[in-house]
Amino acid sequence: MHNDKSVTSTIGHLIDGQLVTRAERTQPVFNPATGQSTTSVALAGKATVQDAIASAERAFPAWRNTPPLKRARVLSKLKVLLEENADQIAAMITAEHGKVLSDAHGELQRGIENVEYASYAPELLKGEHSRNVGPGIDSWSEFQALGVTAGITPFNFPAMVPLWMWPMAVACGNTFVLKPSERDPGSTLFIAQLALEAGLPPGVLNVVNGDKEAVDALLQDPRVKAVSFVGSTPIAEYIYAEGCRHGKRVQALGGAKNHAIVMPDADIGNAVSAMMGAAYGSCGERCMAVPLIVCVGDEVAGKMIAGLSAAIGDMKVGPGTDEGNDMGPLVTRQHFEKVRGYVDAGVAEGATLLVDGRGLEVPGHEDGYFLGPCLFDHVKPGMKIYQEEIFGPVLGIVRVKTLQEGMDLINAHEYGNGTCIFTRDGEAARYFSDHIQVGMVGVNVPLPVPVAYHSFGGWKRSLFGDLHAYGPDAVRFYTKRKTITQRWPGAGVREGAVFSFPSSR
Amino acid sequence: MHNDKSVTSTIGHLIDGQLVTRAERTQPVFNPATGQSTTSVALAGKATVQDAIASAERAFPAWRNTPPLKRARVLSKLKVLLEENADQIAAMITAEHGKVLSDAHGELQRGIENVEYASYAPELLKGEHSRNVGPGIDSWSEFQALGVTAGITPFNFPAMVPLWMWPMAVACGNTFVLKPSERDPGSTLFIAQLALEAGLPPGVLNVVNGDKEAVDALLQDPRVKAVSFVGSTPIAEYIYAEGCRHGKRVQALGGAKNHAIVMPDADIGNAVSAMMGAAYGSCGERCMAVPLIVCVGDEVAGKMIAGLSAAIGDMKVGPGTDEGNDMGPLVTRQHFEKVRGYVDAGVAEGATLLVDGRGLEVPGHEDGYFLGPCLFDHVKPGMKIYQEEIFGPVLGIVRVKTLQEGMDLINAHEYGNGTCIFTRDGEAARYFSDHIQVGMVGVNVPLPVPVAYHSFGGWKRSLFGDLHAYGPDAVRFYTKRKTITQRWPGAGVREGAVFSFPSSR
Amino acid sequence: MHNDKSVTSTIGHLIDGQLVTRAERTQPVFNPATGQSTTSVALAGKATVQDAIASAERAFPAWRNTPPLKRARVLSKLKVLLEENADQIAAMITAEHGKVLSDAHGELQRGIENVEYASYAPELLKGEHSRNVGPGIDSWSEFQALGVTAGITPFNFPAMVPLWMWPMAVACGNTFVLKPSERDPGSTLFIAQLALEAGLPPGVLNVVNGDKEAVDALLQDPRVKAVSFVGSTPIAEYIYAEGCRHGKRVQALGGAKNHAIVMPDADIGNAVSAMMGAAYGSCGERCMAVPLIVCVGDEVAGKMIAGLSAAIGDMKVGPGTDEGNDMGPLVTRQHFEKVRGYVDAGVAEGATLLVDGRGLEVPGHEDGYFLGPCLFDHVKPGMKIYQEEIFGPVLGIVRVKTLQEGMDLINAHEYGNGTCIFTRDGEAARYFSDHIQVGMVGVNVPLPVPVAYHSFGGWKRSLFGDLHAYGPDAVRFYTKRKTITQRWPGAGVREGAVFSFPSSR
Amino acid sequence: MHNDKSVTSTIGHLIDGQLVTRAERTQPVFNPATGQSTTSVALAGKATVQDAIASAERAFPAWRNTPPLKRARVLSKLKVLLEENADQIAAMITAEHGKVLSDAHGELQRGIENVEYASYAPELLKGEHSRNVGPGIDSWSEFQALGVTAGITPFNFPAMVPLWMWPMAVACGNTFVLKPSERDPGSTLFIAQLALEAGLPPGVLNVVNGDKEAVDALLQDPRVKAVSFVGSTPIAEYIYAEGCRHGKRVQALGGAKNHAIVMPDADIGNAVSAMMGAAYGSCGERCMAVPLIVCVGDEVAGKMIAGLSAAIGDMKVGPGTDEGNDMGPLVTRQHFEKVRGYVDAGVAEGATLLVDGRGLEVPGHEDGYFLGPCLFDHVKPGMKIYQEEIFGPVLGIVRVKTLQEGMDLINAHEYGNGTCIFTRDGEAARYFSDHIQVGMVGVNVPLPVPVAYHSFGGWKRSLFGDLHAYGPDAVRFYTKRKTITQRWPGAGVREGAVFSFPSSR
């Protein structure tokens, strides 16, 4: 953590509708394709975070009283602005995260879908009404806003994951403090500014850049009623325990180690093509990436390896800004080292390294954090590359004899985020999807990320909390019920006008 | 029905994405503020209607297979176009219908809300899924499109009422043939063209202008699966009987005679102000207009009459294009004569005509169909002006002694579209809203038109059919359930890979 | 239509909680296993029907005001009584309809499930509530009872089909007049009496036995707001047109000709076993029976024929009261003749009659209406036995070369009630279920009758109306929306107590 | 904590369908009306709790795979058994808790309603299904069981609160370990035994009696996935923090200090009568009791005090088993001392004690824990009797000048469980219910406990967690989403039979 003098500008915070920078710690932001830092980001101290919370608290009463349809229309307008500014946003993502532009556009598109869903607020916020719960007694439940809510988001989807959270939170009438990743804060902040342009009142959405100090300030402040988090499992556990200890509601999404099962009856060509994207897309830095292929039978394994090896040979790795490239760099030098270390460990533990991406050179980008695609065979439970989330372009083949054996592996793993099966058989698919202990299941779909009108969440140690992210669950997460029970005693008004004008009778 | 030679252009049909005119009958379209015809409208013969239906049928398979999210996005885009073209659309409404511009904008705004709601299709079309209805058996219900659907709409809301229908119909995957009113077809057709611009494929929405011949062609064609209608009760009954006789599903919304009850504890100033708009807005040409005020007690009647008389004195009647005017002309000369006849009849039947709008002259607009606001006291059941829907600026005061007496009047009337009560008393409001035989109830709300995310419909002879217009009911009206029950027998694939590669074991 | 002197008792009507018989026409009721009549049934004239309607109308206000939970509890109690009286009810069904006892128990069980679902009324009747549709304005929709509703039910499920209708109708707060089949009225009436015992107030459910005169009296009476019908398509069309002509809402379920498709990859043993029950169960007198098997490829046809022929050889046909029997008699002599005529016609039209059930003799039951199972091969579109609903134990094999060819046949048929496919292939099942023009689809499920918490209904000429029978659709069919929009003006009460105790300030 | 030798029997645990007692600590159970102990209760050690958890875990797979309808039917049967055994259960409650029999019956009735609601499981567990989320891709969400769940319940509703929890948990497919209050464990255990009789398989519901050791064993065991708690706020906070720290989902309902506001326009007679039950019913030992009346204006205060004083004079306090009594004893001697201490404190802090129940003697029951009703005037924020939950028959009058002042008090209090307003004015009720920071609001309803088909929960420090107890929220709490996304590649089966029987073409 240091100040880089060569950086001329600093990305600050958005508080009460204003971009602010303060005399605080800063940290450089790097372009992973070049390894150069061109800007820095402010790291909010506790006071800055508290200012953001205070801004959100001030904005709450008026926003909460704004009719849901009006709130929704801000999001409709934001959707249009996001589409109009898509190229710029994608460029910002690629510059700070490294992913190829088409992938950045894809991320943004998914985020836009969440904005769309949040704009259905008038429908989503309908309460339940019961006439005559008893004679002359009615009762109804409303979904009311919580107050100030917060989100803490990871580096790998700087546009999308924040859009999972705050649009629905504010559609429900809450105000929000967002602490995005300090690795690639640019696009996140830019989108927040577009929200202001779309008509979101100042203070309804605040953005504070920062690190653990900012996180803790959010978790400990009694004014923050709810916290959404996406990141690694150790941090998710900390967020969940610490937020709940302070009486908040918390949803904390953590890590993953998603397995794909390929059955003997699968369409192998289809499976190979699907797996290439699932394993190496975005350099594997996705919680829904598939780093493990479980082949049922050696014949399947042989075919998959042949197909994957050929496809890897055709891959182009280089800066995300070049349209022809399939894969860009890893996000930071530190992460590059970590992922390379996993490849080393896999070799050391006895897995067979079929394709080795460690020596990759990208001419003209020698300081970029580029790692070529790696492919292991004979990966086994117990190996580090089997147990842990690598978050890099490292794919492993696991061999089993039956579907049940493959499912047992998955069910025994600590994570339960996503999984998929490749088969043509209805019964295999149904048995798998019913009995697998994983929250998001694909049948011939490699990355079963739910669409925006369903909800996102894993099982086991991939998610802590009651409710999944975005979709219908998010409506529940960002609201609390108020149940009213009502009976009216007679006041003489209805029975007649006698009390009002007795002389006229 | 004749061809007016002075008219130089003819408003035609929109079939298969093309504006078409044919050698058919035409009818002049008048500007009610001037009494002049500046254009004419084609009246589709049976063959033209069948061409439109054929176009819709051809467009159906591809549109039905288009994912709901994609269909919804066409509507999101249409919403933006409607907002951008609002001034032009409002001007077209005023030119052909006569209502003042602010009212035309209001109509369009309500229509836009229906487009917004239809754009929630991905949420609204979710089916119900049940795992394990029996051991290993799953079942789910889908809401599938019907095919070709049709709408027949009235003159009084040329923009809004069509937007109640076809956006949701096409959002659900249907294709549509719209037959709007031949009195003011301009804005309706213009909006349909905007839908094409927004990306609606040719043939998904077709517009045919016409009269009874076109209506009957729609009702009798077996390719049309569902018909939505808004108009008068005699026609609604005909549409319902004739459409159902041909095996279709039909929703037919008819006439109204909405009563407002003013209680002794009401805020009289508020009630007077609300009633002015409800009675005279859009010249009373609304099925949710309130032409009858039921005063509970003579004291209330006296206060309401005093307030209304003063407010009527301040009203400005004239061309809808002048911003200062509160009320424009009636829609046609024929309708003007009819409404004036009701006023004559009211006087003849013994009601007290407190304000007489029959002699109104609007300088410079002597040929316009202007009738001034009329106010009757002592209107009674049995009088023609009590029983029948006038659809003009004629407001009547009815005097009763108790709320119950007023409710008995309402419940005895053949119509049951809308009603409202003015009171501060919770029990009166609750008793009224629970026991009144009316579909749309206002409590201190004069025009209780449901918002777009609820549904619109009256009771008794104000609506024929099971399901109300727009909102959640419209989703059901424009879809049919398909229920799938599924069980998978074992195929040997799941149990093991043994059958596929026995040699490898 | 005549009076049979040998019959000593007459089954009457249930009106206002009382069993009544009147000097009206009667008709004998036969035991189809013996051909003997042991009782007769009264045929209600118009006056009797009007009395029942009047009873229902009187009972409506109090029942409608009874809290849903209390109404639901009557149904919970009825469920217990039905379980306790199951043997007696099954015996009554078998004695009048002929089906074997296990099948009668199965029918009752399905009916009980509908009673269970209706008992969820407090949940099912929840309306939608929206706080702040505008500033300070709330709106909500309620599902209110219609008033007097009616049901007209067929002979083939005398216990179940009435239980599809009236329990939900009364759970929703309506009162009901039921006109069951005059062929087998005993169990229907008995169940209605159990409902009284369970606590249903007199007049809430009335039963009138009768024929077309009674039906027309129901259709034409303005007090009846809704009619549910299950029967043949010509009558369904009549009911729909005539009921709608009188302004009612109507759902009319008609005939069927359900096809099963057997794919080359199907589990043939499973398909054979499933088809035996689907074709011959209840003697084929079910609208969800499967009288046509579409075999994809001659190889499949050959295997299916071999399996079915063997299984038919093992079937036992005789009185339904004997536990060992698989199939009982047809319902009436007239129907027996009609079904036998279809077999004759099939032979005449060139289909291959593989198994001929026409000569069946059941010793000791020579006057019973027994027809043995029949199996045709080479049934083709255009043949009478392909086009028409036989409603008897006649199964036909149709041969096609591809799934698409089979689906084209189904989609071209006038009916679209149920269908199923036998396959192990996920894609075939998905393509079939998405593109088949049929309301109820089974995947390896021969009779895809939806469970009670989904809804029952066909497409095309198998159902007329908007909403399917039972399940969630029934809640909509038996209720109408009322939408309330509410705003409260200030009354000085909230602002302060100043008006109440000015001296204390 | 000691063993009372005079007690001859010990209430044990229900594990794996068996009543078990072990060599563990025990604690006497007292009859609060006599102060005598007649039995004792076992206090489970960690090993016993782990056995119960193990039993629940073994029972889970089969129960989870049992169709929801079958699970629901066990609850329907339980409902019948609870009704049949109501007198015995009520007697057990009164003997151990002290409340009067009619109140015990009322509690049981509320519990039965929760069992009823859980029996709607087939409807409540429906997932959301979306056809064509992309071309040829379907997606659906299921609500799947969590596994082993647990409940920890308080002494004040030994029958009802457990029935809030486990019936819905098991209806959703979970298994359950219940740790009821060790003060009055009899009725809880008896009801669990009835569930076995109703058909609940052994191990699906286990009951362990115990104290903090048992609670901690539940909170720390990784096999327990969810914990529901009802009790005091300090314990609720501990449960929430400790359960979440171990990665579980937790809902923890805590204390309350419910205020009733009486407006100048209220029906005072009605308010007095309502407040008597709300303040003194069940001796005030309810989290929905109303211990504070906020009178708007001194005139209202005067009338309320007059009415309450008179009504208190008519109250009968004595053993709950005597039908004539209105109020029984407090639950334990310790609690009796604590409540009496609050009355002392109120006097010391300057509140005016209008009615003093401290000296009450119940002849023949001198050792019972009887405290007479107490009434304070001039209770003020800051006083202990204003701030803290007393859980006894102590009612305080607070005087304010306006509704807003009263609402400010309520919103400033740490608790936000229930509240109510007495008024006839629609606007006051609407303003109050919208802006009050309380989860359950009554309008002229003193104890706005939501009916079983809505959900129960407070705001602020009255509830920790995302989801309220029972009703629709409980379905979400006891399930987790699984979202499946499915696409089928062609397998050649659908396209034709050519691969299967080429020779036949």
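Think of it as A, B, C and D in the order they're written, each chain with its own count starting at 1.
What we mean here is this: contacts are C-beta pairs under 8 Å (C-beta built on N, C-alpha and C of every residue); 3 or more make two chains touch, one makes a residue touch a chain.
For each chain, UniProt lists the protein as follows: A, B, C, D = methylmalonate-semialdehyde dehydrogenase (CoA acylating).
Bear in mind that the values here come from a model prediction, so they are computed numbers and not experimental data.
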| item | value |
| --- | --- |
| Pair sharing more residue contacts (C-beta pairs) when A-D is set against A-B | A-D |
| Chain located farthest away, centre of chain B as origin (C-alpha) | D |
| Inter-chain centre distance, chain B versus chain D - centres from mean C-alpha coordinates, in Å | 48 |
| Averaged-CA centre spacing for the pair chain B and chain A, given as whole angstrom | 42 |
| Whole-Å gap separating chain A and chain D, where each centre is the average of the chain's CA atoms | 36 |
| Set of chain C residues in contact with two or more other chains | 69, 122, 126, 128, 130-131, 133, 140-141, 265, 423-427, 429, 443, 451, 453, 486, 488-491, 493 |
| Residue numbers on chain B that touch chain D, as the complex places them | 65-69, 122, 125-135, 140-142, 144, 423-427, 429, 443 |
| Complex contact set, residues of chain B against chain A | 69, 72, 76, 79-80, 113, 116-117, 120, 122-124, 126, 131, 136, 138, 263-265, 296-300, 401-404, 423, 425-428, 430-432, 434, 451-453, 486, 488-491, 493-497, 500-501, 504-505 |
| Interfacial residue positions of chain A with respect to chain D in the complex | 128, 130, 133, 137, 139-141, 237, 240-241, 244-245, 247, 249-251, 265, 267, 270, 424, 429, 433, 438-445, 448-451, 453-457, 459, 461, 464-468, 472-473, 476-477, 480-491, 493 |
